[in-house]
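What follows is a set of structures for review.
Same chain, two partners: chain A is paired with chain B first, then with chain C.
Now for the complex of A and B:
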């Protein structure tokens, strides 16, 4: 079953591009990574799904129902952690969280305190006195306290120290194991690689690739590094090779295609050293953004 | 409407309500307390007043006013109360939804399981409650202070009632116009300049339009719609103008709902 179905969604802010013709599905129980640099349209997509903004054209469904028409009812089951967190400054953390909980039909008190404990959040301080990282923790508790079935995380780790980041990831994994679907937007590929099953890559408002994270790494590129004496760079300027670079003791490049071609080429050289590896997501990603 | 949002909104404005109420009460007290000595010299005062140019008298709502009479004097005080109420209501109107965007809390509120109509209705009702509290303070303090300081002089209770009740619609005008303007502009960064502008703008329009020779403009201002001089002289409201006032309120509210339900909430960047 699909939890999110996005159908040719387009958003223009006046003449400025938001997203163009975006379509994808997120299945129940998966952690879907949404990758792209700043300004690519990640937040726009999430804000459309939460009906904070309205599409220019196209539509989207959550749990099989239109996300605008049934928005209020759907949001009972949705948790949202924005990239920048802002709350009513004069309030105490506990009062804000209680106010947040008061919007949901279920009793969230117990979960609220559990989460605050996990995230080491002091409930009695005022929001205005909190550091950015601590505000972010408020955001995490606020987004999870009603045990939602779908989570939108918009660049959630910015401002969290590594220790809390790990706790946060564990928390997300636990939620996911309970069956919660997670939509995880980020420009940090390492964390997406660690957490997600599938990724969508967005560039300048358009989806350019949706793929299983393993397939993305395996079926595409090999990172090849060759160290040899008297190597001729031009020899490797063949089909399938990209980002060809050379230095004094060798060459390196990415290769896509029949691996035998490149192995035969290498066998003709007097090697000092050679390595053929899976590229990191980072490197694949850079390729998309060339 | 949702009870939790209503309570939240009401509490957020409680301090401001108390401040405004006390301020208005203080104005009523200070001005009305000097009425006895004022009334004693009234003949002289009215004579002096008559020597001022009519434009000057118009500016302070003193044309055709008998300052020695209880309500004549009160109408002078009432003008200051009206200005305060206009600014207060304007504050609440301009800030009603724009404050969520300028303080960047709109994402928090609008990602909750509530519709925009529920949000706006809760907010409007909370603001109305706040304004009503101020109104009750105005009613009680005006009535008490008038009777305390009237020095045995008589006044028409029916007319006082008309004057005091007029502030309900008067405030609604500034609340709803403030709200619709805040939704028409792209972003309200600070509420005060808007509410001061609207409040004083409307006052000046009424006070000085006669002076400028174009009397038509004054028809759009609630200071004209609920001109205390008119109410005292006629013992009734200027009905067409009051109906026009109510029409502006209803249209502003309807347009506000229409705009808010369709509004793209600006992202925080």
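Now for the complex of A and C:
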């Protein structure tokens, strides 16, 4: 079953591009990574799904129901952590969280305190006195306190120190194991790689790739490094090779295609050393953004 | 209900400030009145002033040396204060979510935009009612020193009702501006500009008979204190006109807020 179904969603802000013809599905129980640099349209997509803004054309469904028409009811089951959190400055953290909890049709008190403890959040301080990172912690507790079935995380780790980041990732994994679907938007590929099952890559408002993280890494590209004496760079300027670089003792490049072609090529050389490995997501990503 | 209560709490300070200002205004005014009270010389001074000026400040209709006359002149300030306060509350209560960027929290809760407007409008309404009551009580307290007659109490009650209607009109307009304006930062200042513009329109329309038609465009002319004093009730036509403005503005507020993108 698909928890999110986005169908040819387009959003223009006046003449400025938001997103163009975006379609994808997120299945129940998966952690879907949504990758792109700043301004690519990640937040726009999330805000459209939360019906904060309305699409120019296209539509989207959450839990099989239209995200605008049934928005308020759907949001009972949705948790959202924006990239920058803003709350009512004069409220105490506990009052803000209780206020948020009061909108959900279940008792969130226990979960609220559990989460605050995990995140090491001081509940008695005022929002205005909190640092950026601490506000983010409030955001995490607020987004999770009603045990939502779907989570939108928009660049969630910005401002969190590494220790809290790890706790946060564990929390998200636990939630996911309980069956929560997670939509994880980020420009930090390492964290997406660690957490996500599938990724969508968005560039200048358009989806340019949706694929399994493994397939993205395995099937497409190999990172090849060859050390040899008297190697001729031009020899490797063949189809499927990209980012060909050479230095004094060898060459390195990315290869996409039949792996045998490149292995045969390498076997003709008197090697000092060779390595063929899977590129990091970072490297794949850079490739898409060339 | 939770939005309503939170907004009441958040706006309480503002109510206290406005309440303080109106009380101060009444205290200062009453200090001046002590010089006018039963002082025939003042009438002579007023008679020597240009009629247009007297019209502008509504001084012609009233005998300033009586308590009712004095409060008749005061009504202009009550109406102006009530209008400005209500318009600010109305526009601010909606637009502040975008200004303070809390909209991404407040509007991603499981609430409809209609619920948000209704709760906030009710909270601003409570403030407006409280503001009239503060004005009323402060006026009664201040006037009690002069042992006013029953006619004064009735006139004051009528003035307060008229002030409340003016508040409602500008509250609705403020809410409409908060809901509809793309430049949410300017919603408050636009609301106040509209009030000042309509207020000066009311002055201009009173100065010249040819400009009489303008009176329909300024709520400050709907409930002229002089007329209230003479007739003892609010004009039904203007009450109806007020109701239409309020309904149209509120409908516009709901419609535009539901349709537009929220700015983040």
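Here is the rule we use: the second predicted complex is superposed on the first by the 290 of 290 C-alpha atoms of A that agree within 3 Å, B and C clash if a C-alpha of one lies under 4 Å from a C-alpha of the other, contacts with A are read in each partner's own complex, and residues count from 1 in each chain.
Keep in mind that, in the parts below, contacts are C-beta pairs under 8 Å (C-beta built on N, C-alpha and C of every residue); 3 or more make two chains touch, one makes a residue touch a chain.
Since this is a predicted model, take the numbers as computed values, not measurements.
Taken together through their common chain A, the two structures put chain B and chain C in a clash. In the superposed pair of complexes, A:89 makes contact with chain B and with chain C alike. Contacts of A:185 after superposition: neither chain B nor chain C is touched. Chain A residues 13, 47, 50, 52-54, 71-76, 78, 80, 82, 84, 86-89, 99-100, 102-104, 142 lie at the interface with chain B in one structure and with chain C in the other.
Within the complex formed with chain A, the residues of chain B that make contact are 2, 4, 8, 12, 103-108, 110-115, 118, 262, 264-265, 267-269.
On the side of chain A, the complex with chain C involves touching residues 13, 47, 50, 52-54, 71-76, 78, 80, 82, 84-90, 99-100, 102-104, 142.
Across the complex, chain A is touched by residues 2, 6, 10, 100-105, 107-112, 115, 259-262, 264 of chain C. Within the complex formed with chain B, the chain A residues making contact are 13, 43-44, 47, 50-54, 71-76, 78, 80, 82-84, 86-89, 99-100, 102-104, 142.
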